[in-house]
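Chain lettering (A, B, C, D, E and F) follows the sequence in which the chains are written, and residue indices restart at 1 in each chain.
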Amino acid sequence: MITLALPKGSLEEQTLQLFREADLGVKRTERDYNPRIDDPRIGKVKILRPQEIPTYVAMGSFDLGISGLDWVRETGADVVEVARLSYSKGGEGNVRIVIAVHRDEPIDDVSRIRPGSRVTTEYPEITRRYFEEIGIPVRLFPSYGASEAKVPDLMDVVVDLTETGTTLRRNGLKIIGEIMESCTVVIANRASYADPEKRREMEEIRTLLLGVLEARRQVLITMNVPGPSMEGVIAMLPAMKTPTVSRLHGIDFYSIETVVPKAGVNQLIPRLKAAGAEDILEIPISKIIR
Amino acid sequence: MITLALPKGSLEEQTLQLFREADLGVKRTERDYNPRIDDPRIGKVKILRPQEIPTYVAMGSFDLGISGLDWVRETGADVVEVARLSYSKGGEGNVRIVIAVHRDEPIDDVSRIRPGSRVTTEYPEITRRYFEEIGIPVRLFPSYGASEAKVPDLMDVVVDLTETGTTLRRNGLKIIGEIMESCTVVIANRASYADPEKRREMEEIRTLLLGVLEARRQVLITMNVPGPSMEGVIAMLPAMKTPTVSRLHGIDFYSIETVVPKAGVNQLIPRLKAAGAEDILEIPISKIIR
Amino acid sequence: MITLALPKGSLEEQTLQLFREADLGVKRTERDYNPRIDDPRIGKVKILRPQEIPTYVAMGSFDLGISGLDWVRETGADVVEVARLSYSKGGEGNVRIVIAVHRDEPIDDVSRIRPGSRVTTEYPEITRRYFEEIGIPVRLFPSYGASEAKVPDLMDVVVDLTETGTTLRRNGLKIIGEIMESCTVVIANRASYADPEKRREMEEIRTLLLGVLEARRQVLITMNVPGPSMEGVIAMLPAMKTPTVSRLHGIDFYSIETVVPKAGVNQLIPRLKAAGAEDILEIPISKIIR
Amino acid sequence: MITLALPKGSLEEQTLQLFREADLGVKRTERDYNPRIDDPRIGKVKILRPQEIPTYVAMGSFDLGISGLDWVRETGADVVEVARLSYSKGGEGNVRIVIAVHRDEPIDDVSRIRPGSRVTTEYPEITRRYFEEIGIPVRLFPSYGASEAKVPDLMDVVVDLTETGTTLRRNGLKIIGEIMESCTVVIANRASYADPEKRREMEEIRTLLLGVLEARRQVLITMNVPGPSMEGVIAMLPAMKTPTVSRLHGIDFYSIETVVPKAGVNQLIPRLKAAGAEDILEIPISKIIR
Amino acid sequence: MITLALPKGSLEEQTLQLFREADLGVKRTERDYNPRIDDPRIGKVKILRPQEIPTYVAMGSFDLGISGLDWVRETGADVVEVARLSYSKGGEGNVRIVIAVHRDEPIDDVSRIRPGSRVTTEYPEITRRYFEEIGIPVRLFPSYGASEAKVPDLMDVVVDLTETGTTLRRNGLKIIGEIMESCTVVIANRASYADPEKRREMEEIRTLLLGVLEARRQVLITMNVPGPSMEGVIAMLPAMKTPTVSRLHGIDFYSIETVVPKAGVNQLIPRLKAAGAEDILEIPISKIIR
Amino acid sequence: MITLALPKGSLEEQTLQLFREADLGVKRTERDYNPRIDDPRIGKVKILRPQEIPTYVAMGSFDLGISGLDWVRETGADVVEVARLSYSKGGEGNVRIVIAVHRDEPIDDVSRIRPGSRVTTEYPEITRRYFEEIGIPVRLFPSYGASEAKVPDLMDVVVDLTETGTTLRRNGLKIIGEIMESCTVVIANRASYADPEKRREMEEIRTLLLGVLEARRQVLITMNVPGPSMEGVIAMLPAMKTPTVSRLHGIDFYSIETVVPKAGVNQLIPRLKAAGAEDILEIPISKIIR
């Protein structure tokens, strides 16, 4: 049985939704401090700031945690990265930690940042290591939010998380460098991951979570096809897997059932119909485990 | 690739919901002015007042539009009516443009409206043409909303959209005539509709939208039936299509899967059970394309 | 055709949700007083206080009603209990009517309640009968809510509904006895229940409601299994029912479709996969009628 | 020091607002059960259902309470009526307990109610006494709300609280009699009221509460008036009290300051201006104690 | 007694707030159509679209109305402008009807708008007259909202109401001309205004409304000043009116009371204190009629 | 002219309310980053995290700032404390930084904290200095919120801000020590404060802010007193200042006007009335500068 730390705040809603769809719904008591998941593999659950989770997982306070890759790097926590989940603070897709200055600054590259510049960031460690590596001494000021609004009046340089750069640009900043990409990660304590029983449990959890994310991108389609049209219809289906075909009772018709990517299904259905398929049905799926 | 104008306001929520269920979900950027649909057939999308859409489609600013039939008539726009969608401002079903007067007026028919009456309406063109046709000269006042509240103090006659007439009656009005029925319509630019490629794309979109509306009225049922009961069960099923039957592995049981109208399924299930069917399942469907 | 009384207030949301999922959705007009259900078996529907429903059902104002068992007992209404539904005011599961006193009272049992004690309750009849039976004369004060806050300042004893006892404990009370368990019940008028036609309709409604409650605890899973793995996979499946198996077209693969309890499916899926099953799908179910 | 019971529910907001404006603001702890008022005259405070307050005050659980006159009568509690406050469940002004039947009933007077009629009410005691007095035997059913919706299907007669009768009329009922008027009352325990010290405290609280209600109906106006216009201006002012007049330093102008009813101030100001007053100011007042 | 039309929509909240503060609060019944003001000068009140109010006032349906100057001009209604109120759709201060084009258009002046341009506006009459006057023929399209989003795709020129121009700029537009300024106006029917009794009532209403607007910009300050400091303090006070000065009873101190602009009071108070004033109080005012 | 940093977050609402009442209302543009105050003494204004404000004021980025005393100490910023404002994160009154452990820990005093304990806090600097001073080496973990929920599972000791200790106790913690009291403070840059012109401006701002806080605790009362009762009434009034007394014109009555503490006014009014005062009015005050 494993213990689990889930992120509060900007990743919270998406993470809880993912667990809910995986039938690992988090039950929260009134005061929020002892949530539970009804699953024999999962013991204690806590919802904590993502900033603190990598440290707790590395210390062994939790076997498994979900946080941002940015906080894993900032804390320098020594953990195993078990999976990457395709969502982030910004929604779907990845985010980046970038370096930005005011758009009127006559520089386009980090190498031209003036020594002694005032730099504000919510990632002081990542930022310190970065400027040490590139050999430019700067003055670091920890930021507690809205960093982008502090340039140029209070600060010269901002190191901040962004998805599209829109907030930065709207505040008159330009991006002149990137330190790293970040996404949501499932992380494990090293010792827990070495324990075969716990590792199996972690991998089953991962399988379920990824099974939900996969299912969100697929649909089930079923259809009836007259014998003479079978070959043509089969040929149209995505090649991933042989479809499920059964001959219908008493007539020259086949039932076909197959999973296709959601992205293409609106293209596929009109073509299948033109090729002779009838009674095409589309059914939502909660999980796919291949 | 076609361009598309969707209606803002009273038809907006239902239209966006329909597109979402058709996997043609509208992605809206923050300022709302450049929404997108991820589908290779659909290019530029705008959400505009339904009053303006017929004119824009007729001018060629958009290939396809969704609006009310009332506004197609009011603007007199020369467009192709591609489909009628079974919802309207009032919810499901059609709405009507009616003529109403105060319930204390001693008239029951439009032919008895006094010449020179004060008439208020959000449809000045439809109303002008109508009174010209019936040959009664009236004074027209454009209304910007809540027309029903202006009779009898400010106005004598109201020409207004209504579903059930409740709002009119509650304001002490009675309906004495009807100008037209209205519903939600999919309209196309004439030139675009003549282009074979665009026409195919429009028809695929129509197929998908109608596929959702159809699926809302159906459910999938599956059941297991012992051999001796098969004939009786099959006979109970709606006659539209032969059901999907497969013989179960190793026993004298058949699996039947079929689509039936939602409206009747609560009647059907107890009867099927009584006839010997077991493990009857009801499954929601997102789209049906026959 | 039967008439139906549904409960307002704490049981309302769950009851309406249950009917909605059973495709017996309640359509409410603006003023709430004439809701309708589109089903040929159901005529007049009213949403009324659960306290009043047993009396109305016993009087014959309604054929069928949904209320709490507590109010059936409090009113002493002579009705038939048609079904128990697995939810209550407190959420899922049953609730209890308990007897509580302040935690500083030196008594642990109802037999030690002092004669003449001030007792407050929303159930004066149940409470009167109870204290008569155990032979302790007390002074009864009807409560209109928040009874737990009245001890010890205003009252000595509280008789109240509770699920877990948390609210009582948080107010410094301790439970020293229990009068009865309560849950949501479907009740019928005796004469209506004796009428064969009405009885059949009531039982069909019951079948549908219980069918939804059952389906909430199950999921449909389908999978493809290579011939050599079949026996192992089949052996893993819950023993309730033979699964639906069909041989796939042209290859040594079988399609299996079966319903399993939701509670176990997260355990089952990884094991099925390890045993060779592929393309495992999980599909939500709206109703199961066996 | 006196103890105080304030009403929960429909009178709560207005009562707490009144106490706040009287600088007797109720401070509520999180769980609501031990609110406090920072005033040396007021000890324990509870917020309870108005139905229960008269009984508690009569029993001596509280020295002073605020409830509706309806509940004082319903419970038959033996208490002293200390003051009437000019607001009620319905807003400002009084409410009435009336007798209503369906508008299609061919009766216009309570004397014509048929013996054996089904009567529903939230005031069973008041109603029982009333029908005994007028000598018509009826069947009483306690109502838990929305009584007006039960006629004519479930009940024949309703006895209910109403302000304007609108809700009754909208439900198709007509009022055929009135049992009593009701308003918000300040009530005292008889023994407490006989204690001179407690009585003084109760009267001071009453003075402050009525001082706020009075201030809501008045405004302070000040103006400067040239000597020759003084007589004319003074003559226009309401006669209740001599206004405060002071001669301005060094010029032949007088400053007049007086309290006038808010209801008339909009009529008065233009007349004062016409009579020669200048710099007329209207200033809000928090309390008036005459 | 006069009849009154108040504006619905963007001017509604500010207008109702102004009337409330003037003790002319609008009481609205549930259905909104027959609001009342408890004042002997005001009879029928309606809340109507500001677009329609000038026409109704000109026709004599109402004696007095409140609308925007823009709609007075658009409708060409022949009414008397009784007062201008210092708020508008945009908040405080005036708004303008401007002419805007896309910022990439190579023109900076209305004289360079190309003949035949597509122009959209919610003010077709004002716009038509304007382009006739400047002699440029254009195609006019009535807009039902969000005009700024239609350039450059659907339209070439927008004529729209704006306060600061921010919305236009954010949509990539630039302002190249201005047709008129607009504000909230009190307008009267010509015949009503010629009737001496109605005119007096209208002017009294105006006095009260302007009295509230004036009071929002002023505060009352009082202070005590020792005899020797009097001259210096008096010299600092705004010169508009002689302050109200009274000698305190029994000591060489004077009480000074005066109304000063809120805008300057924060500058004045420290200077008064430095000049010897003590116990300076700032007191809110509800109305000022000079 | 001075620049000003105001706190975002838990102190924001109360601080902006205070400035609004001081007629120094903050006007915020849509994006929030350039708020303005219309006052000639105040230039640039920013709303920033209170954690960052002391550093910015010390650096000279702002002349004046409002933050918590806790953050002044945590950052060690070298600033001038200009005033203390009587509100804090917790509402009115002060808050404390305390040391807490789980209630089951067998220790009651900080001296008994075990070396090596895990300590979590949002104040790592204050906490580090404190434990150095008392000579107990501990392991510090920065907390990003909800520190109280981490004991005893994740942490042994919490250093946290609290007003009443309720949140700590509800989480099973007990307070065993206190590091400091905190409140809201007005802080100034040392150099700015040494500049006579800026210092005058800062002191005027302070005067206005404290004038509002003072006015919240006082009311103005006026009354008329007959000559013979004057001495008795005057003797009852608080001794702080001579009241403003003027003799009424033409009768033996005096008008008395004085400021009294709100806290005592409800005691005072009944006594004044008993002593002969009439027409006692209580009037709200916006600012008091003595």
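Simple rule for what comes next: a residue touches a chain if its C-beta (ideal position, glycine included) is under 8 Å from a C-beta of that chain, and two chains touch if they have at least 3 such contacts.
Predicted model only: the values in this text are computed from it and were never measured.
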item: Minimal step count in the chain contact network, chain A to chain D; value: 2
item: Contacts common to chain A and chain B (chain labels); value: C
item: Farthest chain (mean CA position) relative to chain D; value: A
item: Between chain C and chain E, centroid-to-centroid distance (C-alpha), Å; value: 60
item: Rounded Å distance, chain E centre to chain F centre (Cα mean); value: 38
item: Whole-Å separation of chain centres (CA-atom averages), chain B against chain C; value: 38
item: Where chain D touches two or more other chains, by residue; value: 246-247, 283-284
item: Chain-to-chain touches, reported pairwise for every pair that qualifies; value: A-B, A-C, A-F, B-C, B-E, C-D, D-E, D-F, E-F
item: Residues of chain B that touch chain E when the two form their complex; value: 8, 31-33, 44, 46, 48-49, 51-52, 55-56, 61, 141, 143-146, 149-150, 153-154, 170-171
item: Chain F partner contacts - residues on chain E that touch it in the complex; value: 166, 219, 222, 224, 246-251, 253, 255, 262-263, 265-267, 269-270, 273, 278-284
item: Chain B - residues contacting chain A, complex; value: 22-24, 38-40, 204, 207-208, 211, 215, 220, 241-247, 254, 257, 259, 283-290
